[in-house]
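Naming follows writing order (A, B, C and D), and every chain is counted from residue 1.
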Amino acid sequence: MNSNSIAMEMYRRMNLIRRFEEMAEQLHAKGKIVGSLHSSIGQEGEIVGACLALRADDYMMGNHRSHGHPIAKGAKLGPLMAELMGRKTGVCGGKGGSMHLADFSVGSIGETSIVGSGMPVAAGAALAAKLQGLDRVSLCFFGDGASNEGTFHESMNLAAVWKLPVIFLCENNLYAAATPMLAVTSVQDIAVRANGYDMPGQVVDGQDVLAVYDCVTAAVARARAGEGPSLIEAKTYRYRDHAVNMGELGKVDLGGRSDEEVAHWKARDPIKLLRNVLVNELGVAEQDIEAIEQAAIQEVEDAHQFAVDSPLPSTDDAFTDVFIGTI
Amino acid sequence: MNSNSIAMEMYRRMNLIRRFEEMAEQLHAKGKIVGSLHSSIGQEGEIVGACLALRADDYMMGNHRSHGHPIAKGAKLGPLMAELMGRKTGVCGGKGGSMHLADFSVGSIGETSIVGSGMPVAAGAALAAKLQGLDRVSLCFFGDGASNEGTFHESMNLAAVWKLPVIFLCENNLYAAATPMLAVTSVQDIAVRANGYDMPGQVVDGQDVLAVYDCVTAAVARARAGEGPSLIEAKTYRYRDHAVNMGELGKVDLGGRSDEEVAHWKARDPIKLLRNVLVNELGVAEQDIEAIEQAAIQEVEDAHQFAVDSPLPSTDDAFTDVFIGTI
Amino acid sequence: MAKITYIQAILAAIREEMRRDPTTFVMGEDLSIWGTADGLPEEFGRERVRNTPISEAGFIGAAAGAAVAGSRPIVDVTISSFVYPAMDQVVSIIAKSRYLYGGQAKLPLVLRLGLYYGLGVAAQHSDRPYPMFMGVPGLKIITPSNPYDMKGLLKSAIRDDDPVMCFEDTNLWSQRGEVPDDDYVIPLGKANICREGTDVTIVAISGMVRHAIDAADALAKDGVSAEVIDPRSLVPFDRETLLDSIKKTGRLVVVDVAHRSCSVASEISAIVAEEAFWDLRAPIIRVTTPDTHIPHSPAIEHMLYPDKTKIMAAVRQTLS
Amino acid sequence: MAKITYIQAILAAIREEMRRDPTTFVMGEDLSIWGTADGLPEEFGRERVRNTPISEAGFIGAAAGAAVAGSRPIVDVTISSFVYPAMDQVVSIIAKSRYLYGGQAKLPLVLRLGLYYGLGVAAQHSDRPYPMFMGVPGLKIITPSNPYDMKGLLKSAIRDDDPVMCFEDTNLWSQRGEVPDDDYVIPLGKANICREGTDVTIVAISGMVRHAIDAADALAKDGVSAEVIDPRSLVPFDRETLLDSIKKTGRLVVVDVAHRSCSVASEISAIVAEEAFWDLRAPIIRVTTPDTHIPHSPAIEHMLYPDKTKIMAAVRQTLS
């Protein structure tokens, strides 16, 4: 792909994510999706920039806020939406739901809703690639809040001493649920912590999908060349509450999120920023851009229809997949 | 205390520890002490230097290799030896044994044999001091191996964001059981990791009791003044195997400990180094030094006798202290 | 006396005990979210109401250390599934310290853990892990099943000088009940006979108690007299009330929303099969969640849990 | 066929399976210490025999990730007490991943955990925590009680495509037994009837099996015919062999070195009280470690565990 077509693909995936998330919100409001729902709206830049730096056979781990991530990795939308709606055709058969999407067919090998718990797993997938002599890499998303979990430390150290091909991507959206990052985190930049593992650490503008792409591409190259892991901190923002049903923009524990702060970030919307680049720098025609936008709406609508038309799981399904066979 | 009398007290406690450990080894070899036994011989400098920087009412947490630490904090030897020998008069009634000495009367509030698990506890004791408006500090010993546990990270961050009066003292004896530190640790100096918590981090020569004392004294002053925690890494060495019954000097996994390495460290024995200072720099008379040495031998012998003369716990004792009353 | 919710009962217990004892303090993640800390920062200040990093082992271990050093932490673990990252601090430190140090240490702390099942949040958030802690000596465990018990048991737990785990069934959050405004405590280790009966004993834990009562009410219409017992605390466990009831009824159904294997239901069954065998007139039936994980899909989640119908069927089985 | 020790049986199983399948690899702390990795680095290289940092959550979680990505990790957790810092990775990740992802993930990994009791190492090192894992769906659990079973079960576990926890009783380390040099496997879920009998069934787990056999031998001299069953795997559990035996004997003693509450003994008792009640002719007696911690002092440690004398007394109780 040339850089033009990569940028177009980025734009397409970012739009898909935004529309997918909006649809999910609506369905949750109508009671068609049950359980918690953590929107990634606002974070599409870092999600897509990072995932597009991977090959299809590379691994990717998400967390509780990762609807967008399998989409960025190339997953079909229908089974994802069906999963949110608890259908048998869901990508996880309706068993995982919103916080546990995975589409192994595109290297999306899991999302875990226990904060920080995906980091050792991602390191382990990288270890397997290394042991199997494959040049695959593993990309692990985690939040600013997760950077205070012990698993962060253990995974970083393990990856460093074993030179594992893993990229730890911190989605620093400044808050962990109702808690501002700086109220509970002893450093300004989480990337600084890379020093404690003799690992490269870098801050990147998470709203600039192209910058994220470049930064992750370099880390992936390092990893594939056997030079070991990297820590990348993408500064980003979630537009929505921590999760649905938790009050406007979350009930932030130490004073709320200010209107100025929200406005500041919305002015740097990752989709808008890329659109500007497409139009002004890459000379893409407005109608080509609109075509992508329209197609995204349609694709999400189709995904919704797929989910709606799909059957629910049956009683027996509750008992399979605990083990491989029944025991 | 003037610096002369502090140095004499250091010498006294270091001798007590060395002799106590030697006695414990002998008793274990004779089957009079049962269970594992991790000797702190060689590490007396950092142990005594750190503990003497504390007040009697400050808190101190040790780990599996902490016979010396309560002694350095001022505990009586008899109940410690009785504890190793599983007697009812043991400082923990014979229930804790070698890896879990504690003497609350001198601020020795525990030793835990699960690697890294004492760090949050020490932070919590510091938190209690802060909440109670006391100016006590908390000193936490842990090994180089423990610095790769998640609890290290969580405790460091928690202490930093809450500015807790705690001193984390890493006893870097270059090995964790059979594993050389650098084989499993991604940094040369563990003190570097302090940067990831915006905390002062410092390396000190653990064989130089006076250097350790000065370094910890400064950290204690900081902590008492409400300026928060510190990380201090004392470079030291254990002369013995990781634990008894594990082969000469431990069966080191990646090639053993070289004779040169052992000789290098033994040449810098902390007790010898301080003895030189006492004689050559502080002008202490040889006979005063010998008096301390002789007294230490006697005190340990008395402790042994106390333990031998003590009763074993009774059946009922196995069932108390699970809860405060019986339930 | 007012009708307040289960959540409000939690808050009331904490507030009253924080007023009573200045050594108490609260900590946990995102305390503002759940409604169990409303007004506390304003009344007691941010020092005593502490928002933590997402570091469960760190702050639960810190609670242990603070307790050892004379404070009385009340820790909001929020969802019980989040206790696993701190498991070592709970099992190796909190449960064992007093014993290891021969009684020198006292650990007056409370861990509050929500049972967050039935909400479509899938296997990683829906745990009911209290049985695994019942197998660890040194931990007291309470499982309040209504607002009145919640306030009285939680107040006892906060005053207790031993560590107490309080498992809170979040399905009861909005349940209302009469709760005295003033100070009262319910002692740990005293079961509640929710309903007397003579034909069969139904022991139910936590959120299962209301289903057991519903089942008993329905059975009464068919002429079956069921006694419903809520142990209220699992450790200490009120063996006497249980065995007395079996002596009377000769039949036992145990209702526990935990997974079946090594559940509290299994434990209670084993106690009775050992100590009251000669009183038994029928098999002991456990009504539990089967040994499968909790799926997200609401279409297949709810059927997994014990409910009135399953309890009634179990009772009938003991009578047939 | 040679007489080898329990430890050697572990090493033999690992070596044979590592030769058989190049996707297997071993990791853990200080692998060289215990004798269960002797010669492995030389034969298979340091890539496949990996010494880890002291980061249990890190490397046990990494095992999960490696398994998901097609490798077959064999993890030496060494002493079972060290699993607690990794509890979340075991419960939330290893046990649940396959289910959460609707069967997309396969987690062929083995966790080896030593039961290190009876050695004077006190409460933090002497755990026997298998019951808490039996209550977590998604984990297979084996408890080999002799060298022959160890090799056969561990080989099965390594070949199994589901996660398996292998609890190894370190009190059996130096026990010798006949073990075939060649390849054999013992299927998970098949109990071993160690000794046939007609008067009473004794079910014993892991290191308790030999005490049960000793007790049965002694009882035989008094004319009591005891059947001794070793379940060999707790998950899957061989219910059929158990229930068949109860049908014959009508009496049950369960011997489990875990703490009493919510133990495997409790579970087995509950199964029988539920499914074989009408076959029972006496109370079900559990011989377990009481709900206290394990003290260091050898003077008071050993009396806490089940032994031949206690088992004999329990059997007599069922016969009286």
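Criterion: contacts are C-beta pairs under 8 Å (C-beta built on N, C-alpha and C of every residue); 3 or more make two chains touch, one makes a residue touch a chain.
All figures in this text were calculated on a predicted structure; none of them were measured in a lab.
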Shared chain contacts [subunit B and subunit D, defined touch]: A, C
Chain whose mean Cα position lies farthest from subunit C: B
Separation of mean Cα positions, subunit D and subunit A [Å, integer]: 40
Cα-centroid distance, subunit A relative to subunit C, in whole angstrom: 36
Between subunit D and subunit C, distance of the C-alpha-averaged centres to the nearest whole Å: 30
Subunit C: positions in contact with at least two other chains: 52-53, 55, 57-58, 81, 84-85, 88, 92, 99-100, 122-124, 137-138, 235, 291-293, 295
Residues within subunit B bordering two or more other chains: 90, 92, 94-96, 100, 112, 114, 117, 148-151, 153-154, 157, 161, 183-185, 322
Residue numbers on subunit C that touch subunit D, as the complex places them: 57, 81, 84-85, 87-88, 91-92, 95-96, 99-100, 122-124, 127, 129, 131-132, 134-138, 235, 258-259, 261-267, 269-270, 272-275, 277-278, 280, 282-286, 291-293, 295
Residue ranges of subunit A touching subunit B (in the complex, touch as defined): 148-154, 156-157, 160-161, 183-188, 192-193, 195-199
Complex contacts: residues of subunit D adjacent to subunit B: 29-33, 51-58, 81-82, 84-85, 119-125, 290-293, 295-301, 303-304
Subunit B residues touching subunit D - in the complex, by the definition given at the top: 34-36, 83, 86-87, 90, 92, 94-100, 112-117, 145-146, 148-151, 176-179, 183-185, 246, 251-254, 312-315, 317-319, 322
Subunit C-touching residues of subunit B, taken from the complex the two chains share: 59, 61, 90-96, 100, 102-104, 109-110, 112, 114, 117, 119-132, 138, 150-151, 153-155, 157-158, 161-162, 320-324, 327
